[in-house]
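Next come two complexes, and both contain chain A; in the first it sits with chain B, in the second with chain C.
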Partner chain A sequence: MMREHQLVIIGAGPAGLAAALEAEKAGIEDIVLLERDEYLGGILQQCIHNGFGLDYFGEELTGPEYAERFIDDVRESSVKIRLKTMVLNISSDKKIIAINEEEGMIFLKAQAIILAMGCRERTREAIKIPGTRPAGILTAGTAQRFINIEGYLPGKEVVILGSGDIGLIMARRMALEGAKVKGVLEIMPYSSGLVRNKVQCLDDFGIPLKLQHTVDYIYGKQRLEAVDLIQVDDNFNRLPETRERIECDTLLLSVGLIPENELSRDMGLKLAPGSGGPLVNELRETEIPGVYACGNVLQVHDLVDYVSEEAEVAARGAANFIRDSLKKREKEIIIEPGSGINFVIPHKISYQDESRKLIRHFLRVDEPRENIKIVIRDEAGSRIASFGREIVTPGEMETVKLPETLISEGTDRLNFSIEAEGVEENGKQ
Partner chain B sequence: MENNDINENTIVCVNCPRGCRVRVQSQNGEITNITGYQCDLGIDYAKEEFKNPTRILPTTVRVKGGELELVPVKTARPIPKSRIGEAMRELAGVKVQAPVKRGEVVVEDIAGTGIEVVATRSIALSQDQDNTGKKKETS
Partner chain C sequence: MKAEYDVIIIGGGVVGTAIARELSRYQLKICLLEKDADVATGTSKANSGIIHAGYNAAKETLKSRLNIESNPQFDRIARDLKVPFQRIGSLVVAFAKEDISRLKKEKQVGLDKGITGLEILNQEELRQKEPEIHPEARAALLAPTAGIISPYLLTIAQAENAVKNGAEIRLKSEAVDIKCKSGAVSAVVTRDGSELNSRVMINAAGLYADEIAALVGENYEITPRKGEYNLFDKEYGDLVNHVIFPMPSEESKGILITPTVEGNLLLGPNSNPVEDKEDLAVTRDGLEEIWEGGRSLYPDLPADGVIASFAGLRASLPGDDFKIEALEEPVGFIDVAGIQSPGLSSAPAIATMVRDILADIAPALPEKLALREADFDPELKKLPSFQDYKERLNKWQDIFLQNPDYGEIICRCEHVTRGEIVAELKKEFTSATLNGIKRRTRAGGGRCQGGFCGPRIAEIIAEKLGISPLEVTKSGPGSEILWARVKDVKPDRDLVYGLGDNK
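Now for the complex of A and B:
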């Protein structure tokens, strides 16, 4: 039996929860929230450290506290929650097949869908570390779940590969629980994690950060016994004379996140090369009208606060789609990432909306730079806006708010690029 | 540190991605000079971090009879960095009875700091048979 709903949201992490609440606030009454785990909140529940919510709530919270604020509201709302329910397939005409233990296979049809499946971690296989295949090699997030939710310490002598925030946080967590963290390795010449995490997670515990280092070989039959570290040069060539064996029983990998888009791909959605998620317009609507994407399934965010905000944008879009109250622009505007920029979200601007004054764009730069401007130019190459920044790094997503009034009627292309400070200024600051 | 030598400590400012290495010179524990910062935030941070470095401590404690084995907790306010080890050892022996409410005080005075440790997640009572058929250990 096919059940029809106005809005179905896939995933009840921070994106799905915020989307559900905002859609209800926007007047949508029939909302279904599907979640494969046994509790709401997604990855926030295992991120027990503080540092969340400064932007969204104006106070510093832990992951579970941030999640529970949304969960409490969702529980009191009219949103229908289905836990332990795994979506298997979504068709381009918005039919959803899912399974759970109580109902078996279920079939839903939605007027609008919000994709909020989040992302997953890259594994040893994704980065191809040579050596044996013993136990004791796991992603940082898996270790985090073991320690913070299940109550197991996965090892005692640890090497961590990757200095993104998850790697840094797990270095502290393992150290606090009594493990010896022998070092955090980073193949890049800089850490992609927040400075605060480097100081409070590594320096506080005397854990060394080895930049331009990676794991060259893995030893051990049953359990991991040792790894070879190796230094790399600026072109990532391994320098054999720097090889060094370190005994350890655990290797944690924090080597990048991949938006989890199997369902999106099966629907026929193309994925954007830089961000790894579907192509979307400013309402986070994908190429299939009425299907939206937000949060880490669209682009890997570093702040959950931005995920919540993005989910609300998608939810308002979906609500307006359901009510058929959206007005297309005559010409869509294509957003192009230019020099110095890896990607910009949204990928295009499709709608006219007098009520909004600013269109917020998220972008990631390709390398750390100081005293630069993020410059937006139209198809003729004229600068229409520019935003000064003292410092940008690939590890911290940049956001700029483009005033709607600066976009002229006939514009069909906007190019975002990084330019050096001091170039002649004729746009808006 | 009761001598008249001038000490120099390097403190990495955490206010922005630049991560300035602020150098704090001191004599007899009193700051005499601060250099290496690029804005006022750096001075304030370095002073505080020099005099009394504190951290919020987030961790977990065991739960009895709960739907999960652990409840995440944190110190209600930052505690001195030097007390973190002692606090962790104290918390290792703590076990709270489910149900737990977010914000509930788990320890009233952690490691002699006078600061509370509070739950950061609500944990419901274990249901003997949830519909996965799994029976949760409640030991």
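Now for the complex of A and C:
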């Protein structure tokens, strides 16, 4: 039996929760929220450290606290929640197949869908470390779940590969629980996490960060026994004379996150290079009208605050789609990442909206730079806006708010690039 | 306490379990000893999973005869044991002109051996069957009777079926001594000190067959040869339609590419001698070697599509043939050694050969042993697996209605339900480890490699076995996945306050 709903949201992490609330606020009454885990809040529930909410709530919260603010409101709302419900397939005509232990197979049809499945961690295979395959090698997020949710410590002598935020957070977490954290290795010449995390999680605990280092070999038959560390040069060539064997029983991997887009791909959505999520316009609408994507399934965010905000954009878009109150621009504007920029979200601007003054763009640069400008040019190469930055790094997402008045009528292309400071500017901010 | 058996099989690989199953057709008290926490943990775990057509082994060898004899049996075995098996055919691909004449020779050898369907494909025919193959591939020898199977599922199913028919399997039981009495074997002593009496010992110890044989005074050497593999995401399972071999070299069939029965793509193996029989490490050079081999067949292999790298060890014996024979002394000891490729393809016929040897030597045993047929059920029941119901979800609903555990997905990547995991844990023969569950259900074997479901599977194992999660292992004792309860450890205060050896 196929049940019809106005809006179905896939995933009840920070993106799905914010989207559900915002869609209800926008007047949508029939909202279903599908979550595969047994609780709402997604990854936030295992992120018991603080640092969440500074941007969105103006105060510093832990992950569960941040989630709880949304969960409380969702529970008060008319949103129908289904937990432990795994979506298996979504068709391009918005039919959803899911399964759970209460109803078994579930067949739904939606007027609009918001994809909010989040992301998953890259594994050992993504970086191909030679050696054996013993117990004791796990992703930082899995270790975080073991410690913070299940209440078990996965090991006592730890090496962490990758200085992404989860790696940094877990270095501190394992140290606090009594494990010996022997070091965090980062193959790049700079940390890929937030600066504040490097300071608060490593420096404050005396945990060394070894830049331009990686794991070269894994030892151990049953349980991990040791790893070889090795230094790399600026071209990532391994320097054999720097190889050093470190005894440890646990290797945590924090080597990147991948937007979890298996469902999107099965729907026929193409994934954008750089961001790893579907192509979207400024309302976070994918190439299938009425299907939206937001949060880490679209682009891996550093801050949950931005996830909530992005989810609200998607939810308002979906609400207007359901009400059929969207107005297309005469010409779509394609957004191009130019020199120095890995990707920009949204990928295009499709709609007209007199009420909005600014369009917020998220972007990541390809390498750290100082005293630069993020410059936006139109198809003729004329600069229409420029935003100065003292420092940019790939580890910190940049956002710029582009005043819509700066976009002239016939524009169909905007190019974002990094340019050196000192060139004359006519933009704002 | 001493246990009494008619036959003891040492080694729970594909050969040992095939023999156990074959002998369980008869009124014999059988015990199989396996040193690890599961069957199929040695050579049978990490190999190409191919059932060869059998044309490419030299004519007079045991290898050739047993492979050819076994190949047609696999449809029946797979059906009875509910093991996935697909006769997708194999292609040996020629790039150089002179290789084409070699292919023709190979084909003639095969035809002489009675292998059916062999055919030389020209470039166009090859391209039709394998559109993504290297553009310079000129021709290929098609062997339609070759197939793919899951080597560890076959081994596990043979073990289950043997147990169902009365055989006993003792896991974590390493044979460390064999006792003889007046020129005949009498007992095996295991690592934990148990003594098991038996008039017949079958040495199917794979890499360790030489060490077992040495216990009765035999002197030969098994040398491990490592083969490394890459397993690709299911997304790329369609890239290749057959088992694709390069032209074979003197010592090996070369680095091949094949779909797996699970729908992944498998690349490998290389072949390098190693010293240590437990050396399952993948090496940088080895991975590069198989990658090069793969690219030479399929230039578009996706580098970022690899979800697992692993290595297996071949148990090679000088002389390059299987060694399957009973010793004159001690009476009752049968070697089944040197079973490298095509060992998997030959396992069924190896088992019947061992039965015949047993029948031969039976009259000479200290107490007579007769092979009297027993009630034998060749089949296993297929347990529900959600993977099989993707096209008929309404039928899955019926299964769910009988047990709601079949509605809870535990492994997100492979879509494995709690019901499937619990059912495996309830079986008479199982291995309640993360690897044991992964092999049996695929839970944890997908693209995230257990990142999400690992903690939950550990919890299910702990709950069903009534043990602490701290006791749950990846692959048996020593591979515990957790160390302590949080808050049970006294933190190293120097370290916490930044005064440790790091500063």
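Everything that follows uses one rule, which is that the second predicted complex is superposed on the first by the 425 of 429 C-alpha atoms of A that agree within 3 Å, B and C clash if a C-alpha of one lies under 4 Å from a C-alpha of the other, contacts with A are read in each partner's own complex, and residues count from 1 in each chain.
Everything below uses one rule, namely that a residue touches a chain if its C-beta (ideal position, glycine included) is under 8 Å from a C-beta of that chain, and two chains touch if they have at least 3 such contacts.
Bear in mind the structure is a predicted one, so any value in this text is a computation, not a measurement.
Asks: Given the touch rule stated above, what does A:P134 touch, chain B (first), chain C (second), both, or neither?
Replies: So A:P134 only meets chain C here.
Asks: Quick one: is A:L153 in contact with chain B, with chain C, with both, or with neither? Answer first, second, both or neither.
Replies: In the superposition, A:L153 contacts chain C only.
Asks: Considering only the touch criterion stated at the top, classify A:E101 as touching first (chain B), second (chain C), both, or neither.
Replies: In the superposition, A:E101 touches chain B and chain C alike.
Asks: Return first, second, both or neither, reflecting whether A:E241 touches chain B, chain C, both chains, or no partner chain.
Replies: neither
Asks: Quick check for you: in the superposed arrangement, does A:I391 touch first (chain B), second (chain C), both or neither?
Replies: A:I391: touches chain B, not chain C.
Asks: Spot which of chain B and chain C makes contact with more residues of chain A, would you?
Replies: Ranking chain B and chain C by residues of chain A touched puts C first.
Asks: Report for A:I48: first if it touches chain B alone, second if chain C alone, otherwise both or neither.
Replies: It touches chain B, and chain C stays clear.
Asks: Output check: A:E76 vs chain B and chain C. Expected answer is one of first, second, both, neither. What do you get?
Replies: neither
Asks: Does the superposition put A:T62 against chain B (first), chain C (second), both, or neither?
Replies: Only chain B; A:T62 stays clear of chain C.
Asks: Would you sort A:K84 into first (chain B), second (chain C), both or neither based on which partner it touches?
Replies: In the superposed model, A:K84 contacts both chain B and chain C.
Asks: If you lay the two complexes on top of each other, which residues of chain A touch chain B in one and chain C in the other?
Replies: 84, 101-102, 147, 149-151, 176-177, 203-204
Asks: Which chain B residues qualify as touching chain A in the complex?
Replies: Residues 12-14, 16-19, 55-60, 62, 68-70, 72, 74, 81, 84, 88, 102, 120-122, 130-132 of chain B touch chain A in their complex.
Asks: Flag every residue of chain A that touches chain B in the complex, lowest number first.
Replies: So the residues of chain A in touch with chain B come to 38, 45, 48-50, 60-65, 67-68, 84, 101-102, 147-151, 176-177, 194-196, 198-200, 203-204, 368, 370, 390-393, 395-396.
Asks: Along chain C, where are the residues that touch chain A in the complex?
Replies: 278, 280-284, 286-287, 304, 306-310, 393-394, 396-397, 400-401, 404-409, 412, 415, 417-418, 447-452, 454-455, 459, 469-470, 473-492, 495-500, 502-503
Asks: In the complex, go through chain A and note every residue touching chain C.
Replies: Residues 36, 84, 86, 88, 97, 99-105, 120-121, 123-126, 128, 130-136, 138-139, 141-142, 145-147, 149-156, 175-181, 183, 203-208, 217-218, 221-223, 249-250.
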